[in-house]
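What follows is subunit A paired twice: with subunit B in the first complex and subunit C in the second.
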Partner chain A sequence: MLRLIIQKELREIGRTGKMGWLLTGVAVLVALALYNGYAYYTDHSALLRESQRVTYEQFISQGDKNPHLGAHFGFYAYKPTADLALVDNGIEDYTGTSFYLEPHQRGVVKFREVSDATALRSFGFLNISYFAQFILPLFIFLLSHNVFAKEWENGTIKMVLSARVMARQLFAGKLLACWLLVLAVVAVLSLVPLVLLLARAEAGSLGRVLPAYGCYVLGLLAYALLLTIIGVATSLLTRNSSLALVALTGFWLLGVFLVPRLAGELARRVQPAITSVAFDDETFHDKQYGVGKQGTKDQRRDALADSVMAKYGVRRLEDLPVFFIPITIEFFEESDGRVMDRAYGAIEHNEARQNRLVLASALLSPFLAFRDFSMHLTATDMNTHHDFTQRAEAHRRRIGVIVDDFYQKNTVAGNDFWRTVPQFAYAAPGLGWRLGNAAPAIGILLLWLLGALGLMTLAYRRMRV
Partner chain B sequence: MLKAEQLTKRFGDHLALDHLDLTIESGEVYCLLGSNGAGKSTTINIFLGFIPASSGRALIDDLEVSVNNHATRNLVAYIPEVVNLYPTLTGLENLAFFSGLAGFRYSRAEMAAFTDTAGLQPEALDKRVSSYSKGMRQKVGIAIALAKQARALFLDEPTSGLDPHASNEFAQIITRLSGQGVSTLMATHDLLMAKNLGHRIGIMHQGRLQQELRSDAVSYAELTDRYLSTVNQPV
Partner chain C sequence: MSTSILRVLFSHELKSLYRNRVLVTLCSIILVVLLASLWIGGSLLRKQQRTIGQIGEHHRVLADSLNQRLTRIAAHGGTYPGFIWDDPTFAYNTARNEGPQYAVKQPFALQVLATGQGDVQPFYYKVYINKKQHLVHESEIDNSLLQFVGTFDFSFVVVYLLPLLIIVFTYNILSAEKEQGTWVLLKTSNQSIARLMLYRVAIRYALFLAFFWLVVGPVLTLLVGPGFLGTGNWWWLVGFVSLYFAFWFGLAFVVNSFSFSSNINAMTLIFTWLLLGLLVPNLLHIGLSRAYPIPSRISMSTAERNAINAYFEKDGQELTKDVFSSPRTQIRQASIVTPGMVYGYGVIVYKSQEIKDAAAQVAERKLYDQIERQQQAIRRWQLISPALLMQEVLAALAGTHWHQFNQFSLDVDEFRREQQRFFYPKMASEATYHNFDLQDAAAIPRFRPRTYAVYEWLRVGQSLLLYAGVVGGLLLLGYRNLLLAAR
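Coming up: the complex of A and B.
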């Protein structure tokens, strides 16, 4: 019975002229999304890898210099393009990719792609994730809005229900017919990137990429299924294709455009961001007096001198067996580091609260929940960005310690020393961490799925002539 | 056999069907006459299980419709005033689908035999239904009824809008099915069709079965008089 209904539905859909145009449009957009995502991934990953190599090569071959001055020559820590950025580039365009590693100054992530982009970028970047979040729902709703309504509009429902078919069989058959078409689109969206990932992945990285990608595809399937159920159930509840289309596109417009903007605005008002002026003012003050108000820089420098002289059993700095300046530099690196950690921690805390507010609005918009899920699984989210900046900062401090330790005993550093400074390498954390970050979004998607199943039950129980 | 026992249907305060008692034997064609809103279609809709009765029982071959709706659907075929089919499918595909829903799978030759019996031209079989006339759709509807091997046939204004030739063909098929033991309940405004096709005729007014006649015991003129006197009764 199910096969009969599915075959009939697919035959009808296939013979509807507008569906042919719709499928052609979808095929073109899928192809564009795949091309864009792949081009973004390959271009960026190659560029960043090369930039990382070149700046490091320049650093370790800078020749004989004062160690501290040489350290100021610095090099960049580049955030490598996420393995799954060909699927979703998340917030990477907005957060930047490079962090300058030099003494005294915590790096600020630079080179935001969006700053060089034209105004066209405000429409978004068409890749697989963009397609899945914004275009796929519209395709599903256009496909499913009349799947039941046409039975009432054509008057065929009486003929159908006078046969021995049961309401749940009819619902399941129509749902499965729509789902098969949606599944075909999702299969292309999922399998082509998989082939590209397998072709491009470096040795050893597949173990990290494939489980995350598998979970992403599972999430995409659940998201597409819940939207298909909503589309079919709405068609049955309204029994009118125009009304169903208005209801579904209204839901799409609200969920895709209105709710995210309102949620963002609300988050900004409820939890205002710390301004750069306030940030600079506070960190400048704390750097002068330390996190625990330990006194002015001069007072702390004097106290440090006393403790170092006591440690080495001398009365004058000139009598120390090591240079005092690098010890001072290292001391204030640590002190300033605590100040900056606290200040950036406050920013991250504020951002996290803003993000929680925005994510809560996903209870009104499954599109938002999937966007959050997608960014976490592809490691193009804010959590990964913070993880990168923390690791880059830790690397910067590690270099500071290496250079200052060397500087205590040497006034000139050559390439032999510079080559001992380690290169920076970053890989986003694995599946467990990503799923942990995505847990709230997964919970909301599951709630939406349950809601869709409830709507489905309500709809098919009301199936009457 | 079809049986209505004190069958009543209310829509809010409106009494659409008022304690209808009716028995239609196997092979009998029963025509329900009455003006719009008399309760003819409501009776058919209750027998088909489309709407529940407020009280009373509708039985098809001794199975109560409200209790055995799934089972009784196996026994019935329904041909409305306009046979609504899927316009993008061909006549043959519509026939295959609806007979499939009833649990029957036929070869192309078997389905062609049904449409041939229903009077549909063979060259129309593979054309989309969107190009069909009303009469051609009606014939597909009959073919579906034949394919479903129905024990009971419900016809709601089936000849409305058909030309005399098509109406005559339709009547011949119903007569043939009657000979095969199919019980038929037909709601119609066509008094001549009722006189010629029905074994018995019921005249309904305001939800009540006001008169019941044997068609061979009444002339067309007398039927017309009785019909008009019934439907012109004051409210």
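Coming up: the complex of A and C.
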């Protein structure tokens, strides 16, 4: 009986003209999303890989220079494009990928693509994840909004319920028919990128990519299932296809646009960010006048000179067996580094609180929960970005130590020395770390799934004429 | 059609809308959303004004500190008691420390309505002689995730949310008559059904528009004062927004005129909204990104670095040797910073900067040319999506369009060159090394802030007329369909 109902529903859906249009539209959009995501991934990964090579090459071939001057020439640490960026590029264009490694200054990530983007960026970037978050829900709702309502509108519900079919079978049949169609779209959405990933995979990278992608697909399935249940249950509860459509579209609009933006604004109000002017002033003050009882920069410099002269048993800086300037540079690199670490830590802490608030709003929007999950799994999220900046900053300080150690005994550095400075390389953390960061989003998605099942039960109980 | 029929229709519409609870609820939600968006825009404006106040205070404190220190040094016979890198009598030190000035884009009252590029483009820069437009975070400090999510502003409400309310308002204006069985009654009346339906749509449009502007006008006046009413920007904005709503009412009228069921009408209108509001701009984005790919800024930095390396292979080597090995600069070893070393670093920095600026110019031109080409293409294609057109127009009229931020950025770049012209000769003077005095401090160039709200590139009149034509066409098509249906 169940099979008969599914067959009947699928045949009915297939025979309506709208489904043909809908599926054609979906196919075109999926193809475009794939092309766009793939082009983004290949262009960006090639550019960043080549840029990392070039910037380092420029650094190690800069020729004879004062070591400190050469260190200021520095080089860039580029964040490589995430393996799964063809599926979801997350906030990559908003964070930037270039971290400058030079003395004195804690690096900041620069060259955000969004700074040079036109207004079209605000309409989104069509890739697989955009499709899954924005268009797939609408497809599901358009598919399911009248699956029960039509029986009431056509007056066939009495006939159906008075036949041999059980209400449970009817409900399951209609739900499964919708789910099968959704599943077909999800299968295309998952398998084609998989083929592209396999084709593009570098040696040894599959072990890293496939488990993460597998988890992503599982999340996508759960997300699609809960939306299908909501669509079918709403159709049954409203018994009116127009009303169901308006309600489901309203839910989509609220969840996709309204809730995230309102939550973002709320986060900005509740946890306001420091302005660049204030940040500059405060860090300058702390570096110049010290924190607590550290004393001013001049006092700390004098104390350092005294301690170094005492260590070497001399009375004048000129008599030191090592150069004092690099010792000063290294000393202030550490003490200023602490000030900057604290200042940037405060910003990151504030941003984390803002992000938590936005994520909390996913309790009102499953779309938002899925987006958060997707960004974490594809390593295009804020946590991965912070991980990258921390590693790049650690590398910057390592270079500082190498150069200053050399500078203590030499006033000229040549290419032989520059080549001893290590190149930067970054790989996003593994699946366990990503899943750990995605845990709240996964929890919220599961809550939504439970809620959808609750709604389904409620709707089923009301299936009476 | 007599006036009395119009009055009857008007009162009928009012009653039916009032008695429709879903609509009343939706209108209340939209009212809240509209007020929230205006309030958010207003608070962003106030935050900017506060930041500009902080910048003014910052300038005042730094100028006082510089003057005091220079006065004290003059009183001590030219000797600075602190670390030599902080000694302001070296032009290079002042150019790094107290010299950099903030350049500010003055806020424009109507920016309350559209964030435009304001969420990713800074409205102020700290201008150094040796850095391009600079802020600690390259722009104002903001959470990248929140930028990605987007701002909740008036333009978002107008472009995305209100068309959907209009759809809910109008999708069944005719089909409901059929589904409720009143269509036959209407057909037998002596009134033209086509005109009746057109009037009903017009009445709903008038009610919607009156409700909308009666909320927006007073609230905006309360938030920013009545000054905006005297600007051309505001009245063009009123025209465009009203026309945008008219487009959606017109579209609903056409869809209704095909006599489909309410469900099909709703689906068609929602799909059109999705197509025009999201898919077409997205497809345009893909096409324009391929046709006019914007080069990464990485290419600029690569060009700069190549030029610096090339320079240091020959001329730069000579200069460095001259500075670091010259008896004049007295750099004997790397333990004591001598005045000659401060001077020498200053010379190397400004020479390097000249090389970098020249090298970056080519890459930068290429970058901005491509952005400009994309912008021009958007202007050509924006008519295919009313949502895109509205977004562009609202940003331009609110003073937050890319063009306006770009103009600000160009002004800032010119100001940087002015600063370089001021500091470079002083940094290159090795007569005494200590050559920066109180008179110089008073002469440090200051940026002249202004608002950026002109929109001459937009051809607003042409776009408005064209869209008015589109709306007229829609109404005509719907009217014709209904005339045929009534036969």
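FYI, the second predicted complex is superposed on the first by the 462 of 465 C-alpha atoms of A that agree within 3 Å, B and C clash if a C-alpha of one lies under 4 Å from a C-alpha of the other, contacts with A are read in each partner's own complex, and residues count from 1 in each chain.
We take it that a contact is a pair of C-beta atoms (placed from the backbone, for glycine too) under 8 Å apart; a residue touches a chain by one contact, two chains touch by 3 or more.
Note that the structure is predicted; figures quoted are calculated from it, not measured.
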Residue contacts on subunit A - larger count, subunit B or subunit C: C
Where does A:Asn154 make contact in the superposed view: on subunit B (first), on subunit C (second), on both, or on neither? first
According to the stated criteria, A:Lys8 is in contact with first (subunit B), second (subunit C), both, or neither; which is it? first
Have a look at where A:Ser205 lands relative to subunit B and subunit C in the superposition and call it first, second, both or neither. neither
Touching partner for A:Arg164 - first (subunit B), second (subunit C), both, neither: first
Tell me which partner A:Thr16 touches in the superposition: subunit B (first), subunit C (second), both or neither. first
Identify the partner contact of A:Ser307: answer first if only subunit B is touched, second if only subunit C is, both if each is, neither if none is. neither
Both subunit B and subunit C touch subunit A at residues none
Contact set on subunit A toward subunit C in their complex: 18, 29, 32, 35-36, 39, 47-48, 51, 54-55, 58, 61-66, 69, 73, 76, 78, 90-91, 94-96, 98, 108, 110-126, 130, 134-135, 138, 142, 146, 241-243, 245-246, 249-250, 253, 257-258, 260-265, 267-269, 273-281, 297-298, 301, 317-318, 320, 323-326, 347, 350-351, 354-355, 358, 382, 385, 407, 411
Subunit B residues touching subunit A in their complex are 45, 48-51, 70-71, 73-74, 76-78, 80, 82-89, 93, 97-98, 100-103, 128, 141, 144, 148, 154
Per the touch rule above, subunit C residues touching subunit A in the complex are 22, 33, 36, 40, 43, 51, 54-55, 58, 82-83, 102, 116-117, 120-122, 124, 126, 135-152, 156, 160-161, 164, 168, 171-172, 262-264, 266-267, 270-271, 274, 277-279, 281-286, 288, 290, 294, 296-298, 301-302, 305-306, 308-309, 312-313, 317, 320, 324, 332-337, 348, 367, 371, 374-375, 378, 387-388, 391-392, 395, 401-402
Going by the contact rule at the top, pick out the subunit A residues touching subunit B in the complex. 1, 4, 8, 11-12, 15-16, 154-156, 158-166, 464-465
